[in-house]
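Take a look at the structures below.
Two complexes come next, and they have one chain in common, subunit A, joined by subunit B in the first and subunit C in the second.
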Partner chain A sequence: MKFTCSQNNFLEAVLTVQKAVSARSSTPLLEGILLETQKDVLKLVGTNLDLGIETYIEADIREEGSVVIPSRLLSEIIRKLPDAEIEVTLLGNYSVKIVCLNSLVTLQGFAPDEYPSLPDISESEPIEISKMLLAKMIRETIFAVATDESRPVLTGSLLEVEDGEVTMVSLDGYRLALQKGRIESSAGHRKVIIPGKSLGEIGRIIDGSDDNISITISDRHVLFDLGYTRIISRVLEGEFINYRQIIPEDYRTRVKVDTKILTSSIERASLIAREGKNNLIKLNLQDQKMTITANSESGQVYEEIPVLLEGKDLEIAFNARYFMDMLKAIPDQEICMDLTTNVSPCVIRPIKGSDYTYLLLPVRIFG
Partner chain B sequence: MNSNERLILHIDVNSAFLSFEAVYRLQHGETVDLRDIPSAVAGSQATRHGIILAKSIPAKKYGIKTGEPTWEARQKCPQLVTVPPNYALYMFCHNSLKELLKNFSDRIQVFSVDEFFLDVTGMPGADQPLELAHIIRKRIKKKLGFTVSIGISSNKLLAKMGSELKKPDAVSTLFPPEIPGKMWPLPVEDLYMVGRATSLKLRKMGIGTIGSLANCDLELLKYKFKSWGKLLWDYANGIESSAVSSSSRDTVKGIGNSTTVHFDVEDRRTAHQVLLSLVETVGMRMRFSGLCCRVIAISIRRAEDLTFYSHQLKIQTPIDSTTAIYEYCKRLFDEAWGGEPIRHLGVRVSDLSPAVHIQLSMFEKEWEKQKVIDRAVDQIRMKFGPGSVIRSNFLWSGLAPMEGGLSDDASYPVMTSIL
Partner chain C sequence: MKFTCSQNNFLEAVLTVQKAVSARSSTPLLEGILLETQKDVLKLVGTNLDLGIETYIEADIREEGSVVIPSRLLSEIIRKLPDAEIEVTLLGNYSVKIVCLNSLVTLQGFAPDEYPSLPDISESEPIEISKMLLAKMIRETIFAVATDESRPVLTGSLLEVEDGEVTMVSLDGYRLALQKGRIESSAGHRKVIIPGKSLGEIGRIIDGSDDNISITISDRHVLFDLGYTRIISRVLEGEFINYRQIIPEDYRTRVKVDTKILTSSIERASLIAREGKNNLIKLNLQDQKMTITANSESGQVYEEIPVLLEGKDLEIAFNARYFMDMLKAIPDQEICMDLTTNVSPCVIRPIKGSDYTYLLLPVRIFG
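For the complex of A and B:
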């Protein structure tokens, strides 16, 4: 194997596939990146068996071949090389020679024969979605993915497609985040639970351009095809929680509030709240205003915000961090909060439309 | 007294468990006061845990010691009256005493089930500390029916040492100038934190009294006992400066209960029932302490080789309901048990938090109704005794409906170097 390519392209490709490579794995082979020549392109593959990424770059192929190179070392070396042409040659015994201007590095690699091949997914018709929309949906729901493993399906997000509408939902038992968007293709009703870790990496890889990405779902895997890069993730088996049941339609108190003002008030309150054990803020809704209070051994905060209040007065408490996670995901200038009692969920919706729904369970206060 | 000196009281209930039981019995029509006859709180011999947990002063005269087997105590005193432990009652008395003490200061530290520190600096009556302590002592005796010993000083260590000076129903001062006269003549074992091992080492060094420890070369103690030496020397000299801390977080880390079953348990149902009887007591203790738990653990000791294993889980929403904890214990047991005969079972709850703020969850069952039932049952048991309400599945089971040992209770540290 022998090829040349630009340092820039090579680095970008290595960093992309490296996102699927575990720093520590049961076998050194999985800590490496597979390089494989194909006619006039170079293919790079990284995988941890849950997530696999392959990408193609232009290269001048002089001799065919393939090899696995330790990922971390390779990326660090390529990053430090000057922005010039790189020549890579496979020597005997799977060692690789890398030459760039006045630098020469040889790295010990591994035989590629046993490197796992990524699963082939072509069963169903792909779903086309704009990269910008997908990135936004991931960004604005991923915080609610469960981190503890007690309910494995909740460590992933549900992606559901129906009648040209795509929905992404994450929930961890305390809160729920839901994002909706329109897509062109109408590929019938599909759903899949994608591990949060994979989604995080996918979100980092796709750029914010308006191009489409195509998603293909099979029983065990989901493929995100960006053209030059393919990301394949294992899916979580089992039924997702019936989230529609959790979101109440009714409310007794509705509040319209400026997102920025609310965010900065809660940010200030949480400075004090986080000193306490429960990270607790109390909201009091009354007389067209919302007061936010927090106290801990370190001090007290009192914040007052004008709101549009419909319905009954209410006093309710929340975990400040959970509330902030939600607010950070909302780009709108104004939001609508629907509440019923101080022990039932608070639902946050846009003023117009239904692009998102956030739900947060309160903290019950005894005595 | 120097103006910036503190005024600390240590309140210690005399023969606590026995006194609580005696008062309870007197209030419920009993004519004999357990405190006036040789009597003891002891586990049941028939069920393999017969040891003396507390004794009356007449029983003490027969040489009966806490911790010795009941049969041994009976040999010393055949007419010894024994009563079973009743943790619910102790917690009730504990809480009543705490409420009473709160009238004198809000700076109160629960030190154990029968010991409290009270910082009365600057409080009404603090200029006449002896009189104030007598008022407290008399009020406890009149309102709650049991007697206490109170120590008065300027720090917690000396107050605690002071309450030991005269018992029962007494008040003693132990201010720093009184140390050489009142504390130094005492045997070194009487010093707080000097246990059997330390006492042995000190005696070997020729140190027999607190005074000789106080006047010993500090460097020598540091050499022999490392950092411990400095603490011993400080204590012997009455030096200690920690605050009376009301934070319950520092004291209660977990609540545990375990029992040796009087036969080997070989089936799941019986094991579940034993767990329930343990949880009944754990749940009650949690509710009396106003705490909820997030971690639940069970432990199993095999009958065959007495080896031991345990299994635990963490839940999202803190709970204090007996039924809720029992549900989790059953699950833990079923997951962990290998099917072998069981000698001993234990339940322990930890990651405790005050039951005031609870993050609600979509999945955790709401135990609200259960809470009401628990409260009603607790109150009935408090009033009419622990046997007044039992779960029907204990009928004809041969098992105790509530297991309540004190042996592995970690809710309040009995011995600690942190005052």
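For the complex of A and C:
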């Protein structure tokens, strides 16, 4: 194997596929990146078996071949090389010579034969979605994915497509985050549960451009095709919770509040709340005001902010972190909170548009 | 105690004195900051017994008094408050009420009686030095302070003043870093060994302005007076090594090299070297070239850079990190390396000016 390519392109490709590579694996081969020449391009592959990423870059292929190179060391070396042409040559015993201007680095690689192949998914009836929308959907829902494995299906997000509408939902038993969007698609009803870890890496790879991504769902995998880069994730098997029936349609108290002001107050209350056992904040809704209080051994916080309040007064308590997670994720200036009682879920939506829904269970501490 | 002051001033003062406060102390009182009213100013004090910092801010004092407040929580709360007036009131049982616009925070504090007093140092014959020079001296020498405690005196830097010249020296048995500067001072010969940890915090507090700092040396302490802020450090007792006799005056090989090019090459070599046992890089000086090589199980690096070489050819090995530490600290474009044999120290200086000296012992691997 022998090829030349630009340092810039090579680095970008290595950093992309590296997102699927485990920093520490019991199999050293899986800590590596597969390089494989293909006619006039170079293919790079990284995988942790759950997630696989392959990307292609322009390269001048002088001799065909393939090899696996330790990912972390390769990316560090390439990052430190000057922005010039790089020549890569496979020597004997899978060591790889990298030459760039006056630098010559030899790295010990591995035979590529045992490197796992990414699943072969034929792109039939792909779903087309803009990178910008997909990135937003991931960003505003992924934090609600369950982190404990007691119900594996909840460690992923549901992606559902129906009638030109795409929905992403994450929930962990305490809160639910849902983001909808519209796509041009004639495809029928489809759904898939994508592991949160895969989705996080996908979010880090796609930029916020208007370009489209093709998503293909197969029985056991989902493929995100970005053109030069293909991302393939294992899907989670099982039925996702019927989230529609969890979201209440009625409310007895509706509050409209400025997101920035609310965020500042809850941030301060969180500093005191987190010193306590339950990380609790209490909200009191009355007289066109929201008061937020928190107590712990370290002290107390009392915050008062103006709100637009319709309906009944209410006193309710939440986990401070679950509230903050949502406030940090959404970009909207004003939000609307719909509440019924202090033991029933609170539904939070941006005032403008109804594409985003956050549902948060209160903590029962009253009467 | 009751006072008002601006959030901005209060935050800056808290962050300054916090640099002397241990994050975790066996005495909770030492995790706190002392607030004490003094006529029309507020005094803040932080100390870990080795280092003490006091600072004064303008405040409208309504009632005199003092209290100790947990440092970390106080700084986090103040940081999250809006840029407005803050009112602080001491309540019963040493709890402290902080009010800012619509926020009310109560923090549990401690009685100030047991809080250690900073040593009283009378400023006789202070040394005046610009903040910019002191900051540079710290930045370019502190990394060579010994980290192991086997020779306690080497865990500090020597500050020496004589005949209008000020010198700071750190050394750890493997390398020495020395920075000189000129000051306007008629004071006689003075020297003091300042703990590296204190010096690091002092470096973080002083900005790079042209203003002067007064340094007063007493038997057991050194005082840095910045005007509104006074920093007092314990000094290390004992005799510092006679560093002058360590620095060789002769050389048989002199190399002049571009700092940036050398840094890039050594960075790449370090990536391979650090995978090995001894973190070794080898330099070969010959034919107006420096070649840098490193080897480990992970691979090899060979770097070739142009140099101006006078005198004998030489092959010599160094610890890669000790070489990089210096390259990262000095801002000069070109450096000069003076060498004698591959078992005697290498002296590195900027080509312009002779105020900075770095001495590095080679690693013996040849013959």
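The working rule: the second predicted complex is superposed on the first by the 362 of 367 C-alpha atoms of A that agree within 3 Å, B and C clash if a C-alpha of one lies under 4 Å from a C-alpha of the other, contacts with A are read in each partner's own complex, and residues count from 1 in each chain.
Assume a residue touches a chain if its C-beta (ideal position, glycine included) is under 8 Å from a C-beta of that chain, and two chains touch if they have at least 3 such contacts.
As the structure is a computational prediction, the values presented were derived from the model and not from experiment.
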First, second, both or neither for A:Gln38, with subunit B first and subunit C second: neither
First (subunit B), second (subunit C), both or neither touched by A:Phe366: first
First, second, both or neither for A:Gln288, with subunit B first and subunit C second: neither
Broader residue contact with subunit A after superposition on the shared chain, subunit B or subunit C: C
Contacts of A:Leu107 with subunit B and subunit C, given as first, second, both or neither: second
Contacts of A:Gln300 with subunit B and subunit C, given as first, second, both or neither: second
Touching partner for A:Ser95 - first (subunit B), second (subunit C), both, neither: second
Partner subunit A, residues of subunit B touching it in the complex: 249, 316, 353, 355-364
Subunit A residues within the subunit B interface of the complex: 151, 171, 173-174, 176, 241, 246, 277-278, 280, 317, 319, 343, 361-367
Of subunit C, residues touching subunit A in the complex: 70, 73, 76-77, 80-82, 95, 102-108, 264-265, 267-268, 271-272, 275, 297-305
